[in-house]
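Just so it is clear, A, B, C and D label the chains in written order, and each chain counts residues from 1 on its own.
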Amino acid sequence: MGCKVVIFGVFLLRLTKGLTKMRESNPGKFLLFLLFLNVVSTIVIASAPPTCPADLGSDCGGDSGEWEGEFFPGIPKIKYEGPSSKNPLSFKWYNAEEEILGKKMKDWMRFSVAFWHTFRGTGADPFGAPTKSWPWEDGTNSLAMAKRRLRANFEFLEKLGVERWCFHDRDIAPEGKTIQETNANLDEVVALAKELQGDKIHLLWGTAQLFLHPRYMHGAATSPELGVYAYAAAQVKKAIEVTHYLGGENYVFWGGREGYQSLLNTDMERELDHMARFMEAAVAYKKKIGFNGTLLIEPKPQEPTKHQYDWDAATSANFLRKYGLIGEFKLNIECNHATLAGHSCHHDLETARINGLLGNIDANSGDPQTGWDTDQFLMDVAEATLVMQTVIKNGGLAPGGFNFDAKLRRESTDVEDLFIAHIAGMDTLARGLRNAAKLIEDGSLSELVRKRYQSFDTELGAAIEAGKADFEMLEKKAIEWGEPKVPSGKQELAEMILQSAL
Amino acid sequence: MGCKVVIFGVFLLRLTKGLTKMRESNPGKFLLFLLFLNVVSTIVIASAPPTCPADLGSDCGGDSGEWEGEFFPGIPKIKYEGPSSKNPLSFKWYNAEEEILGKKMKDWMRFSVAFWHTFRGTGADPFGAPTKSWPWEDGTNSLAMAKRRLRANFEFLEKLGVERWCFHDRDIAPEGKTIQETNANLDEVVALAKELQGDKIHLLWGTAQLFLHPRYMHGAATSPELGVYAYAAAQVKKAIEVTHYLGGENYVFWGGREGYQSLLNTDMERELDHMARFMEAAVAYKKKIGFNGTLLIEPKPQEPTKHQYDWDAATSANFLRKYGLIGEFKLNIECNHATLAGHSCHHDLETARINGLLGNIDANSGDPQTGWDTDQFLMDVAEATLVMQTVIKNGGLAPGGFNFDAKLRRESTDVEDLFIAHIAGMDTLARGLRNAAKLIEDGSLSELVRKRYQSFDTELGAAIEAGKADFEMLEKKAIEWGEPKVPSGKQELAEMILQSAL
Amino acid sequence: MGCKVVIFGVFLLRLTKGLTKMRESNPGKFLLFLLFLNVVSTIVIASAPPTCPADLGSDCGGDSGEWEGEFFPGIPKIKYEGPSSKNPLSFKWYNAEEEILGKKMKDWMRFSVAFWHTFRGTGADPFGAPTKSWPWEDGTNSLAMAKRRLRANFEFLEKLGVERWCFHDRDIAPEGKTIQETNANLDEVVALAKELQGDKIHLLWGTAQLFLHPRYMHGAATSPELGVYAYAAAQVKKAIEVTHYLGGENYVFWGGREGYQSLLNTDMERELDHMARFMEAAVAYKKKIGFNGTLLIEPKPQEPTKHQYDWDAATSANFLRKYGLIGEFKLNIECNHATLAGHSCHHDLETARINGLLGNIDANSGDPQTGWDTDQFLMDVAEATLVMQTVIKNGGLAPGGFNFDAKLRRESTDVEDLFIAHIAGMDTLARGLRNAAKLIEDGSLSELVRKRYQSFDTELGAAIEAGKADFEMLEKKAIEWGEPKVPSGKQELAEMILQSAL
Amino acid sequence: MGCKVVIFGVFLLRLTKGLTKMRESNPGKFLLFLLFLNVVSTIVIASAPPTCPADLGSDCGGDSGEWEGEFFPGIPKIKYEGPSSKNPLSFKWYNAEEEILGKKMKDWMRFSVAFWHTFRGTGADPFGAPTKSWPWEDGTNSLAMAKRRLRANFEFLEKLGVERWCFHDRDIAPEGKTIQETNANLDEVVALAKELQGDKIHLLWGTAQLFLHPRYMHGAATSPELGVYAYAAAQVKKAIEVTHYLGGENYVFWGGREGYQSLLNTDMERELDHMARFMEAAVAYKKKIGFNGTLLIEPKPQEPTKHQYDWDAATSANFLRKYGLIGEFKLNIECNHATLAGHSCHHDLETARINGLLGNIDANSGDPQTGWDTDQFLMDVAEATLVMQTVIKNGGLAPGGFNFDAKLRRESTDVEDLFIAHIAGMDTLARGLRNAAKLIEDGSLSELVRKRYQSFDTELGAAIEAGKADFEMLEKKAIEWGEPKVPSGKQELAEMILQSAL
């Protein structure tokens, strides 16, 4: 039998041994049987291009074998050409080696490409089929294709001048029939990744995809099904292992299904308890294997669930505190998630920072008039400036960084669009860094803030801040002083200063 | 070498030679090849289960051949058992033959099942793979499967006691390689539908699916590509024809892609002009073939686009008026679309009604805290009561009706859930009708409203309403009368009256 | 000098002694001087009817003196008449002494009238002047008027059959020129309140109004001005004292101004630290004076600030945990605040409950299409049922209760509207209680939930819940079990069961 | 006798006898009495500082008499100093006389100061009292104060270098006891305004304030009370007259109360008919008196009502078309209103433009996370660039302009803040104009758009656009052509180009 290729954006199938007989006597029927058998484990909406069975090896064609030459032959190594350049394939603001505030731009930014959006994004949406057709895709989800795709990723990183990447376990290697087979697939791909990383490329973080497969439809750590909880534990265990193997600097938990669709059929308390137990076990396992990367929780308010337990930075912090996990985790703040929760991105970054939890940033943006996650590349210079202000206050993000958890619009179907989008996103944040530095050098904004609080830089202020001023003492002072004067907040001046720095 | 197919983005295929030979020598291989061949017609994100090639007939297995016995063997014909019944598979409020306000309940409601949600909904969402695996599905998108699915639909209607259905062209029959082949597939399925409809079942409306296929990614009638415009015209032409053939009472336009993702790359004025030309051509064609069904536009504010041109009832009415189409169309108001546009469902129904445009209702509901289309079954008795109040004021909906454009939650995976959801949705609207009738009989709410406006039921009021009161006359009166008295609006009393009727 | 009355919805003025001379020589000028002098302390937007100077005593006219006879002469004592009653001034569902689930309805509900909305609400909105003109108001903010208003409140409670009330310090007694004078005013009114309370009426909670006066424009405990912090401490100290004096069962903090308008001019970290110090001092003072009432924080996401620090239940819980205050406070959840934060009311109640923090409920509702706090009376029976479900799970709310933090619509200007609104609100919650009891008796909803989680009611489930199942053990099980089965979530069935109970 | 006044809801007053006597014997008392008399005209929630009676003249103190010297003594005439200036009181981008795209900047912008926000804004919000205390305010709403305030306005315009202003009738002159008295007050102030305008200052538009007074609580043209309708007609008649007298270039209708709070007590159809009759009468009266200014409707979706009839540009256009008013009105688009309606500002401007209705822009901005009208000064350079792009496409706005319908934050209480805010707002739009010109000169963005639609610049495209391509012709073409090619939408490239121009 020749090409056992199958089934594109909707399903892949795998052969099992016991079926050989049926296979021989009635190939068509056999195939259909397999379709049913494997269908749920293989459907990859919104992320899976056409796939070839994972275990069929080179039979799936020379196509999924070696790819000759470059993946991006028309794209040069992207260089810094300065703000006056009209070349879309150049940086106008990001100059990796340039020092800003005593640190190289690349060390402030620590950019990372998100493998899933860039190499597994298909352009599908709830009302539309995939639209991307990258030349290196052979229409399979084979191991061979997985490796080829990985090579494309590393060429992309090299041309873009980005030194970090992030992945979900299931987007770099195909799921097998069993956990063992799945893990074997993953190991094979990860071995290649280690080789391709070499000395230059680093893994910013890895994570386990616990939301796509139907088994996780009610949650993973918060599924009411014990078997799903155990399955998720096995998956996360392996994902931490391979992250460790690849020298991952962090490991992320995004609980896309850890929430509910309706409180009517949900025991929220029990689910949250389970999630805490799961996190405790992850901490224990991480320590056991000597993985020193930071564990990160990525808040999101909703979508796909009506309500996700890691709603925002404050909600996640409450969870960590309630269950005694506060020292073991940091947060990965995503701008689009913050705005879906009703906050500005800047707010949730600051909330994470002042709770000592700012670990990483998923650099993207939403549409202000849209009630779902659009994961657009951040192009807003003002917002980027505020984001960088927080990063500077935080002393940088290391061992975290900026991961481009952003995707091309569905209608952007040229290979060069992948570059253009990343370049514009990098430039916007770089411009934000330059502006934030300008604001610091200018000093008038921070001086405005300092002055607003200077009445607390006094003896009584210090007593209050030290918890030594009781109500009776304060009442006495209030009576003594009479009506307090309250100066202007100068918000428009602050906005003018910011605008001038853009 | 084996399969040379390259499926980019799941849809492009390159044909290779020697098909006949391959078919003969290796049926399994050939089957796989065909799978690729039909790939576009089978990618039905959010609606398509695994599929078998359309043209393989019985080769695709006994599975897609005849289905023996009932599709819903455990489900009885649903009967009215009254409000005290605890049987989930019974109506508590909907009693089809019972008369309310001089008309049978079934004639007020004119319920319809939406084929796409109920028979092609897969449970996929932007972060998750399909979850449904109905026993009658064989994993193909074959013509045989299409017919079997249609039989399931008619059995479903019969058991549910619903006499109408609605469809999108592409969800009842697979897309072929060419327009001609696609139309032939459609004709074959439609012939069966006509037979299955018989005298008892009616087609509430048909429509063309102009949003799933990548060719429509920039729009159909508003695509910047002329070829896409022409393709869409061909598709709508055929869809109107088959709707006419099936005795369709209406034909619907939902422009899921008729809008924009960004104004930066969009010529909105030109796109709207194109949309108007397209609608004019549809009107002309409808008349030419003698189709007397109502043409309906279905407003939706956004999703999948950032901005859809048929934003809400008022926006759609403006479009119709601007282009002189106001007498040729009515509106199909969907509750979840109304709330996404910032209106209550009741508001958009009333807006349609008083513009003379209320033609049909897509009976569903959104989640008040969720910024995307959840298409839930309407379970809110108060809202259902208000909806029915408008329907009564409108003198009913005929030739329109209530189409259940609503889907099971992704996590509802039992066959009986299909029945439970529809029963609860029907019961909620039926309860709404009973309550609205109670309100009318009680009379106190309408009396409250009448009294509020009674100062206009006077000579001067009549002059004003006839456009005969100019500002000078009114000023004279205002000076004569002095400060007007303004009575209480009695909103809480109105709410109490409503609540009492629930 | 005769009528020293002044100035209605915008300002009140008070005479000071040192100005006697100017007063004699030029009364007009003197008056204007005072207008300026006192203007900020006296503007009572959205809550202040016309006022008479507080210190002018009976000179302000017989009007503000004794009020003879009833305040609500046309309104009878409201009685339970059952669901079939058409009398707006009767209860259809609330039957105070009737037992439901082993407790009297009144003990489940513990209803309270909010003095500020009901007796100080003026109907003003950001675009409109006051609209209410209650007959007992004399257009002053005098002490005499304050007392008269208090009597109206107690008559209202008595006729409505409600045994609890709540107040803000500044709405029951006029602010004076100094803290001492203000406190004296408050003492005088509070003494009368104690008398009027007698044995029958209880104070559910008191609170300090820290948002109306311009001194609090940048916050109270989070103001950048030390003097404002001290002033707020003095005010809260006194408010706790009078709450204690009146036997208050709780004391509430609503931080309407504790937040920011712009992060650009804000040091969020320092402000949150100050807020924590303030709360610590409140706890210490409460204990010092022997006040045993519960301290409650009332979350609200925004409005009047762009971002309020007590955003929602989870955010408030994080604050309490971070600063070691978790045992000292509970939460007062307001439904309209929950929905503004993007949650259902039910969600935030459950979040409070499972964090051990559900202390009180502000019973109101927002408009689902409106982005600001509308504080409407809750009329939604389904929502009321879910609210009561949580209350029952919580074992009731005592020492908290249901406070009607709800206001008449601006256009509802009849005295009877005050009764109608409260009756409808009480009836809706009472109906919710009856429905919740029905659901419990029926048992099918809780059984549905129990079954969903039963896989955890096993040995391994217990091990997981006890934190004794590590990833290696779980992986072993997952491999052993293979692909887990995941049953339907039955959400539509759950919704059907709920709807049937309404 | 004491004060027999009873002020209900702050507005009703009962006259007592013996006024003359009282005035002589006790000027202070008389003054207070008058305060009551004028109470309605002085309640300016969100805009009214404490006021002195309108007709007391100098009795109200030297304070409300002549104001000596400058109103803004510390503020110089604002000059253009270029982008590198750090002086907050200078323009960095707005250079009035500089030519951009063949027109002076001031002629593109046609800036206008909104009298109500800048001179009657008090800083009050739904939870807070006024915070502003401008030195020129004497705490009264007297005619003398009205004139003094007007002088301040004209000095402000002169120092700011703005040549246009806008007003609501009630914010420039106090309401009297009767329509006649009110009109006389208005005439007196308007006469001074004409004098102060001279040749240099123009009235961009006038309008009638039909939302603050309780009489308009149910609407003005859409009030269910005939007397209110007539009263509103009288008020608008006069407002058009004085606008005409002052050479107003436009006249605006903002129907803040023309909508509903609840559909339960509303006859929306009848209200909309009344509104149309009212607009027709306004058109007739305008023509009768020879006023040639443009009539403008200002859309807003909600607030203060739950639903306002002029929801957005499209809804307003539908209203105008339905009632045959389309040639008589244009629209005044406000950015913050557009975003509250779920659109980008750019979208509603474009919608107005392509409906031939773009007449004026209210230049402000909302907070993207806030669900109410914040009326902030627009500081977003990207949005300003898009706004100016539309203005350029529209060939400018004349006879309309940019009105700063924007207010200081409540906490901005320095006089200089008034200047800073306007300067920053003007600079942001000026920067937008410069950027839009840069984009046009660069040409790559418009070229990108042109190319997207070029397939329609063909014979068949022309036939389609001319309405000459029927479905049969199009189907034939579609079959002939086969699957159409659909190129990338290049959204990220378009965003990159825009970002580069900022």
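The definition used in the following text is that contacts are C-beta pairs under 8 Å (C-beta built on N, C-alpha and C of every residue); 3 or more make two chains touch, one makes a residue touch a chain.
Just so we're clear, the structure is a prediction, and the values are computed from it rather than from any experiment.
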| item | value |
| --- | --- |
| Chain at maximum distance from subunit C, centres defined as averaged CA atoms | B |
| Comparison of A-C and B-C (more C-beta pairs in contact) | A-C |
| Subunit B and subunit C, separation of their C-alpha mean positions in angstrom | 43 |
| Rounded Å distance between subunit C and subunit D, as computed from the means of their C-alpha atoms | 36 |
| Rounded Å distance between subunit A and subunit C, as computed from the means of their C-alpha atoms | 40 |
| Touching two or more other chains - residue numbers and ranges from subunit C | 214, 217-218, 261-262, 302, 307, 342-344, 369, 409, 411, 413, 486-487, 489-491, 495, 498 |
| Subunit B residues within the subunit C interface of the complex | 83, 86, 88, 92, 339, 342-344, 368-369, 377, 379-382, 408-409, 411-414, 417, 420-421, 423-424, 427-428, 442, 444, 486-493, 495-496, 498-500, 502 |
| Partner subunit D, residues of subunit B touching it in the complex | 178-180, 214-215, 217-218, 223-231, 233-234, 236-238, 261-270, 272-274, 277, 280-282, 284-285, 301-302, 307, 311-312, 314-315, 317-319, 321-322, 341-344, 346-347, 350-351, 354-355, 386, 445, 448-449, 452-453, 455-456, 458, 460-461, 464-465, 467, 469-472, 474-475, 477-479, 481-487, 489-491, 494-495, 498 |
| Subunit C contact footprint on subunit D (complex, rising order) | 1-12, 22, 26-29, 31-33, 35-36, 39-40, 42-46, 48-52, 56, 59-63, 123-131, 133, 138-140, 211-214, 216-218, 256-257, 261-262, 302-304, 306-307, 340, 367, 369-373, 409-411 |
